Amino acid sequence: MQLDTALLVGVLFGLSIYLILLRSFVQILFGFTLLSTSVNLFLLATSGSPDGKTVPIIGAGPNPVDPLPQALILTAIVISFGVTAYLVVLLYRIFLDHDTIDAQDLFHPPKKTDDNSP
Amino acid sequence: MDPLLIALLLALALPLGCALLMPFCVRFLRSSLSWTLSLIPLTCFLLITWVAWKTADQPQVVVGLPWVPSLGVNLTFLIDGLSLFFGLIVTGIGTLIFFYARAYFQGDHETPLGRFYAYLLLFMVAMLGTVFAGNLISLFIFWELTGIASFLLIGFSHDKESSRSGARMALLITGLTGLIMLIGIIMLGLNAQTWDLAPILNSDFSQYSNSPWFNAALVLIFLGAMGKSAQFPFHFWLPNAMAAPTPVSAYLHSATMVKLGVFLCARIFPIFHDATLWFTLLCSIGFGTMLLAAWMALRSHDLKAILAFSTVSQLGFLIGFYGLGSSVGVRFDFVHIMSHACYKACLFMIVGIIDHSCGVRDIRQLGGLWKKAPWLGGACLIACASMAGIPGTIGFISKELMLIDLFAVLDKHGASVWLLLLLVLIASILKIAFSARIFLHLFRGSETETVRHHWHAPSAAIQVPPLILATLILTLGFFPGLLDHPLRSLHVLGLHDETGADLALWHGFTKELVLSLSLVALGALLYSRLQAKGWKLEIPLWARFDLFFEKGIHLFNSFTKKSTALLSSDQPLHYIPIILITLLTFMAFPLATACHQWGPEILAQTRLWQPDLLRSLTVLFILISACGLVTLKRWPQQLLCLSAIGFLVTLYFILYRAPDLALTQILIESALILMILLLLARFPGQAYAAEHRPPTAPIRKVLPMLVALSSGLMVTLFLLLASVKNPDQSIGSLYLEQTLPLAKGSNAVNTIIIDFRSLDTLGEISVLLIAVLAAIGLIMRYRRTPHERTQAAHGPAGFGLPSFKNKELP
Amino acid sequence: MLPGFLLHLTLSLLWMFLSQGALPQLIVGLVGSFLLLACFRSVLPIHHYVRRTYGLVRFLYVFIRELALANLTIAHFVLFKKTSQMHPNFITYSTKGLASFEIYLLSQCITLTPGTTTVDVRLEEEELLLHAFEAADPAAVCSSIDLTLKQAILGFTR
Amino acid sequence: MLAQILSISLLLTGSFLILLAAIGLIRLPDVYCRAHALGKATTLGVCFLLLALFIELGIELTGLKIFIAICFQLLTIPVSSHLLCLLAYRSNVSPYKNTNSN
Amino acid sequence: MKNPNSFLLKSTTGPIFFIAILFSIYLLLRGHNLPGGGFIGGLAISVAILLHGLAHGFDHMEKQMKLDPIQLAALGLLLALLTGLAPIFFGRPFFEHYNTYLQLPYLGSVPIGTPLTYDLGVYLLVVGITTKVIFIMARSTSGRCGLLPPEVPHYSSLHETAIEPPINTPQPQEPPHAT
Amino acid sequence: MNEPIYFVAAPMLIAIISLFWREPSTTRRLFGVLSAAFITLGALYFVITLSLNEQRLILNVGDWKAPLGITLVLDPLAAIMLFLSGFSALASLLYSMFELPTRSEHPLRQPLLFFLLTGINLSFVTGDLFNLFVAFEIMLISSYALLTLEANDWDIKQSFPYLTINLLGSTLFLAACGLAYSIYGSLNFAHMASQTTALAGDSRLLVLATLLMCVFSIKAGIFPFYYWLPNSYPILPTPLAAFFAGMLTKVGIYVLFRLFTTVLPHDLTSLHTLLAWLAGATMIFGVLGAVSRNFIRGILSFHILSQIGYMALAIAFFTPLSLAACVFYIIHHIIVKATLFLVGGTVSSLNGTDDLSRTGGLWKVAPILGLCFLLQALSLAGIPPLSGFWGKYLIFVEGIRLHDYLLVAAALLAGILTLYSMLKIWLGAFWSPLPDSGELHLHETRWKPLTAVVAAMTIVSLAIGLGAEHVYRISAVASRMALDQSGYVAAVMAALGKGGF
Amino acid sequence: MTPVLITCQIILLVATLAGLWRLLKGPSIFDRILAFDLIAVCCIGHMVLLSIAWHTTMFLEVIIIFSLLAFFGTVALAFFLGEKKSPEEP
């Protein structure tokens, strides 16, 4: 039973979803970063409770933890790094092209009210 | 191979092959040799005649080729009276039409004749395929093909808006009803456990009638017939299809396509005629349409529209006739069909010639053509007489037979069908009136302005086909006995009444004759009344179903725009909430079930749970930082919280005995933060400005929180459920056992990623490489040299060029 | 310099191999051979090496002492002094005549030693900008740096 | 036994020093002073902890790594606290009011 | 970004860079038996490179690089893929590893089989992509934020320019809304 | 033994080589086209031999026995999908070659396309859930890359929803992997399938299956998960749009198919019902969206969804016949959809726009193009005997047999509305007279080769329709073998290798 | 040994908490970066303690890399965030 991890994963997941639902690019970006962290922790928890176990290296101890989830997370971390890097660049490019970092403004630009705009 | 099969295949393949060749022999089509085109349908006609002759002594012959035998769909031909009769009509009238079309397009240098003949031949193939089809599915296939070919033909002059909309209307109506018919066919086939027609037709039908699909199949298949034969409420497409060149109208709407509905009724008659629905459905729809269309024909002024409505009316009659057949048996249906084919084709051709010669089709602008074209006038007179049922024409024979059948029904069913009789009689009166109008207004009276100015005499050749048909009408009208033998040999099992009487012009002074003559008198009376009032008639708005249809399409278009907007399809910010809410909704039931099953176990484990101080506090710290991430206002602060989370999560990995993971996590986290910094730090002061937004609606605030809360709960439940029970046989321990002896490494995590699951790693590093390539693509603009710019004057071809900027964007 | 270092290294490695040990033996070898070299410094051309190595050791001693002292000061400030009693300030410290490596070492050490942190290294002006915890008397701070760290550093770099 | 006592005292001192830095971070009045506390206390604190680890785990190749780690701390922590002071100074983060700048 | 031009930082990154390179090679070699491996090693050296870049400016770093990092990355992927494909030519399944050991004094037996080449491929790729991605980010942002103007880029050199910030480019206009 | 990996390794190798090539050149293009053709032919070979012999080819990657390592399985279904992906890539490359002058091609287009192919092919052959995740990620990152590679400044924002939604989907996929591992103790499809009876009655399986279904519904574009698709595909250049439209969503459908048949228990009736209703909604809402659009790309993009509905419905009926129909439909749809997008691209090249109010006149100018469009559009609408009819027909049959009349009615309605929206393009671009200047925007030498590509694809599609018997037999074998869990498990477990239980 | 380790752990946890407090409170961005630095150091401390507790050398590399990255992170954050004239500063 890993109540602590379950709580951690749940709250992180919820918070990241909350961030993703906000409007600012930056918050959305942070939301996705946090989202991948939370799901990595979820995967980690599937290796079972670590209490009384040792690292999954032969010779390091009598009762090593399950190595597979760790390997999977390793892959998942790297992949989400790649995708997040792309997301960062995409957001930057959108910012360059549309001069906004607000998703709402991006798709539904506010009506310009000032008269002195060219 | 069976010679019959070869003959039929040839009859299909010859026009099909020629159709494919047509676009490549435009020069031939414009040459004087193009008369020979009529030889194609003629050859088919002869082939079918030969088939008919060969099978004269057999009521039903089935030949075929396997096509998709796994699905029971084969290219099977069912040769019986019905298919032979229709085959002969299609090819026979076809021969005349090809001849007529050659004359019609004489000297026309703009019309793409190659395409025209290709469509026409294709249409003929489809027709032949349909009538000879011995398999329900192949019947449907050819049925749909006729729709496509007619679509191309109707829209042939596609520069005109009316052509396009007429073609669209025709295709949509026949397509929709065709698909509906497919459902009915499938129900029928599923009932019968076969898709082949012959066994279905020859089996005992009482076994099906209890099936739930029986009546449904009848209605659905009949809907198909209604669509094709333009029965109410689909009657409106046919007049709109008159945008086609006249040879097409003459072919499609006299003898072929619209007759398919009638053909289908005859085809399925043996299966369904015992159903009570059969009589009700066919008679009400058929005779109702007959009256409605006749009434509309009377109120139309475009020649083609009059003919179109009269066609609809006659089709209604024919369908109703098959409905009647369920109680009294079907006799002489072929006479009705042939009579209609002859006079309608003849009239269409005449109208086409007049249209060609005057450039006008409005009957009000025409008149006095008798002197200019007496032969044509004669043909028209005969055809109109046949339509009106004047003695001496085949139309008269047909009408008398109809009255006989009606009285027979009256005898059988009593007064309840008086209404039907009334409908038929009124429709006949109307028909006589507009028949008279067609002939009298075209050929009698004084020459109108239009005729005087625009008339140029038609060639002799173009008048030959209508004259042939007129001759046929007269011949058969006077000597109906000629048809006796052919009709007997075309007798169809299960369809035709065994007790057929011979045809004769004079049956004695019967009540039918009296009625018939009085109808003529009443029709003449109606004509004269209307003539006196000057024919100031229009189809009232409520009967303009075509306008409703177009309006409906328009409304539907705006409805789709609204519905698409309603579904938030163009609101990218709503996508993720919608997806999440749906996901949560779908997950609710399975999660509830799982919690019901595993809940006690989870609770029991929770009671035994002993928290680890360091881990629990790390959790707390991570959550504090995460709260900071959410609550802090400026992104630099949030980023710092994120970095802190990264470091603390690494510690958490350590607590889970994962050094490799910790190393990777912290390295990646740092690289990522640098990346975010590099780009986000370039966001100008606006990055701060964006944080000061106007207040949003409460729902906008509460909904994300609710979604976030339930997502978090969902994942927590996932994890609790995941860890509630260990799998019986987990491969995790396997890696620990075999990493050293087999993979020659003691770090199990590393041997997994390098050896056991090396393919994952290969994929993972490709993802990294591609991500960087993607980033390069985003940030580095690919520049073309000035030379390349000129080479592609309009920029890159295809979708590369136009941006959403110029588009109707949501 | 170099011959002395090489000799020292050779001797220690020799010792390590001869005693068939690893790191502990290497350390013993380093210390032992240094003592040996120190004895023979007048005979061999390694006088400077020995002196500077001694200087290094002394520098390390001074550094560790100052580091410990610094932490005690911090503890004193953090735990016992009220905010109002603190007088932090920026002061400048001249680095005239020092080589860049010496400046680097000095400024790094200043951050780790009592009461001062290097804020900026101004190479052009040949001075350091320091932030001192207790800067009532800037001159005293500077002279204490001169006496401890600077001296120790110069002791082994020159 | 001696090693045990030594490592225990190193551990406790090290942890205490880090706590000291933390208290300093909270208590001290401005960013410069906080950087002070952090730079000095955490360097020594972590070094002490690492030394304790050294004593506990022996002095093979591990020892070299611990040595590297200690060097790392000595190299980096002062630089980061310096850098923070420098950037704060350049961004004109105003120092604590008791300061009378010259 | 303006280079903070801190003397201390610049001087410190030198030795750190050196240590990090040695350390990353160490991590690469021992990954099969202890924590580490090509991935971690590669990331470690990339972080050192990035640190160096932070201290000295990325344009300076990029100028010093002899090889386009993306080519290094592609090379790494190629190496990894070829490691996987090699057994096929011996009639063995894809990615079957061949282990062999090199006996070295004091270091014991060092595995130098195909796992190492695979790890090396990963290592090269990671180094390549991390540096490349940071470089292009740094370069593309140069216009606005005061780094030196970019050198002629390596990748597809004649046809690639950094997208400039919106200062100089015409702003896209919102299309008229279909109402 | 190594056959399955060829289809993954080859595109990756080609991508890397193209990357080293740096500059697009005629040689590089030819190299790409020829290799794609080679891959396609290879796949065709396996389609034929594997379905004739009813055989599965198993590769234990790294020689690790089944549950331990990653297993790749090349069965007829996978082979069919490999053929289709290769074919679409070939068409896309060919079109690309004729569409743009060499120097105007983006240097990264070809490598990225082959990387995309790598990911797609890996997801077809993989027999491991996590490896499937990796394959999906390769595919997705390449698709992001291609989506934004040549997008202009205005369009680029449309890739943002695409990216975020797929990121969310990938995260959920990862969670599903974790859940699967803790339930089954394995990620290998065969090992998972072998535990079906042992885990009977474990309600966590339903949780896992629902989660997986939702994840792949996002990837496949099933209502209401489809939002990312219709506005993002139109920003792609024509050949890529064709490839994406044909191939990408079908990967989601393939995985749904694979999971429901080969991996998950067959008795998830409630889930099948849910999928069926979602499929119905997808058909209707997809086609409504298509009708609402007035430019070719928009119409075609929404049609992807509506057609996905048919395939999902075929899966949801979950009878041997309907599953065979699904395979048939996939085969048909990939080719038809790709062709339609190519035609759409050619039309907008010719008219300079694909806004239907400003196009026209092409039936006179480019009749072959028009014929191709007509045939494919009718095929899409399910007009017999074109390829689209057979799948729809079988779906109707199964729907009636299962008494799902409402769903059949939805399918019928979607069919007729498809016809309607295709007519919209036909009337707008081909039949209506050319407005404005009446000038074409492309020279003959440039659009005639494009038409040739389109025509070749149309011929293939026609062949599928007329030769439905063979295609159906292959589909039936493929679906039957996919459905045969015990056969799959036995084949995978029998493959030799090191280690294992 | 264990009580000592637990004591040290608790001390470090308290220090981390203090760091978090500063991280959330600010006021200047540099204060937050300092707090981040402190948290990183605490993590290193925890790792050392865990290595002693579990008597393993497996985490040494993590410790080294961690200190490298703590430094790297501080430098990067200070560079990019520090340069900005954020309105929160006086």
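We call the chains A, B, C, D, E, F and G, going by the order they appear; numbering starts again at 1 in every chain.
Everything that follows uses one rule, which is that contacts are C-beta pairs under 8 Å (C-beta built on N, C-alpha and C of every residue); 3 or more make two chains touch, one makes a residue touch a chain.
Given the structure is predicted, the values throughout are model-derived calculations rather than measurements.
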Fill in: Chains touching both chain D and chain G
E
Worksheet, complete the sentence: In terms of CA centroids, furthest away from chain G sits chain B
Discussion item. So, comparing each chain's Cα centre against the centre of all protein Cα atoms, which one is closest?
Written reply: F
Discussion item. Measuring between Cα centroids, which chain is at the maximum distance from chain F?
Written reply: C
Item to complete: Can you check how far apart chain B and chain F are, centre to centre, with Cα atoms defining each centre and the answer in Å?
Response: 25
Discussion item. Could you work out how far the Cα centre of chain C sits from that of chain F, in whole Å?
Written reply: 68
Worksheet item: What whole-Å value do you get for the distance between chain A and chain D if each is reduced to the mean of its CA atoms?
Response: 31
Worksheet entry | In chain A, residues with contacts to at least two other chains | 20, 40, 42, 45-46, 54-55, 57, 68-69, 72, 74-75, 78-79, 82-83, 85-86, 88-93, 97-99, 103, 107
Response to the item:
Listed in rising order, chain G residues that touch 2 or more other chains are 16-17, 33, 35, 58-59, 61-62, 64-65, 68-72, 75-76, 78-80, 83
Discussion item. Residues touching two or more other chains, restricted to chain D: which are they?
Written reply: 21, 23, 35, 68, 72, 75-76, 78-79, 81-83, 86-87, 90
Worksheet item: According to the definition of touch, which chains form touching pairs?
Response: A-B, A-E, A-F, A-G, B-E, B-F, B-G, C-D, C-E, D-E, D-G, E-F, E-G
Fill in: In the complex with chain F, residue positions of chain B that touch it
23, 66-71, 73, 112, 115, 137, 140-141, 144-145, 147-148, 155, 158-159, 164, 168, 171-172, 175-176, 179-180, 182-183, 186-187, 190, 213, 553, 556-557, 559-561, 563-564, 567-570, 572, 574-576, 578-580, 582-583, 586-587, 589-591, 593-594, 596-598, 715, 718, 721-723, 726-732, 734-735, 738, 742, 755-760, 763-764, 766-767, 770-771, 773-774, 776-778, 782, 784-785, 787-788, 791-792, 794, 796-808, 810
Response to the item:
Seen from chain G, its contact residues with chain D in the complex are 1, 4-5, 7-8, 11-12, 14-19, 21-22, 28, 30-31, 33-35, 37-38, 41-42, 44-45, 48-49, 51-52, 55, 57, 60-61, 63-64, 67-68, 70-71, 74-75, 78-79, 82-83, 85, 89-90
Worksheet item: Which positions of chain A touch chain E when the two form their complex?
Response: 55, 57, 74, 78, 85, 88-89, 92-93, 96-99, 109
Worksheet item: Once bound in the complex, which stretches of chain D touch chain G?
Response: 4, 7-8, 11-12, 14-16, 18-19, 21-23, 25-26, 31, 34-35, 38, 42, 45-46, 49-50, 52-53, 56-57, 62, 65-66, 68-69, 72-73, 76-77, 79-81, 83-84, 87-88, 90-94
Discussion item. List the residues on chain B that touch chain G in their complex, please.
Written reply: 613-614, 617, 621, 624-625, 628, 632, 634, 636-637, 639-641, 643-644, 647-648, 650-651, 654-655, 659, 662-663, 666-667, 669-670, 673-674, 677-678, 681, 688
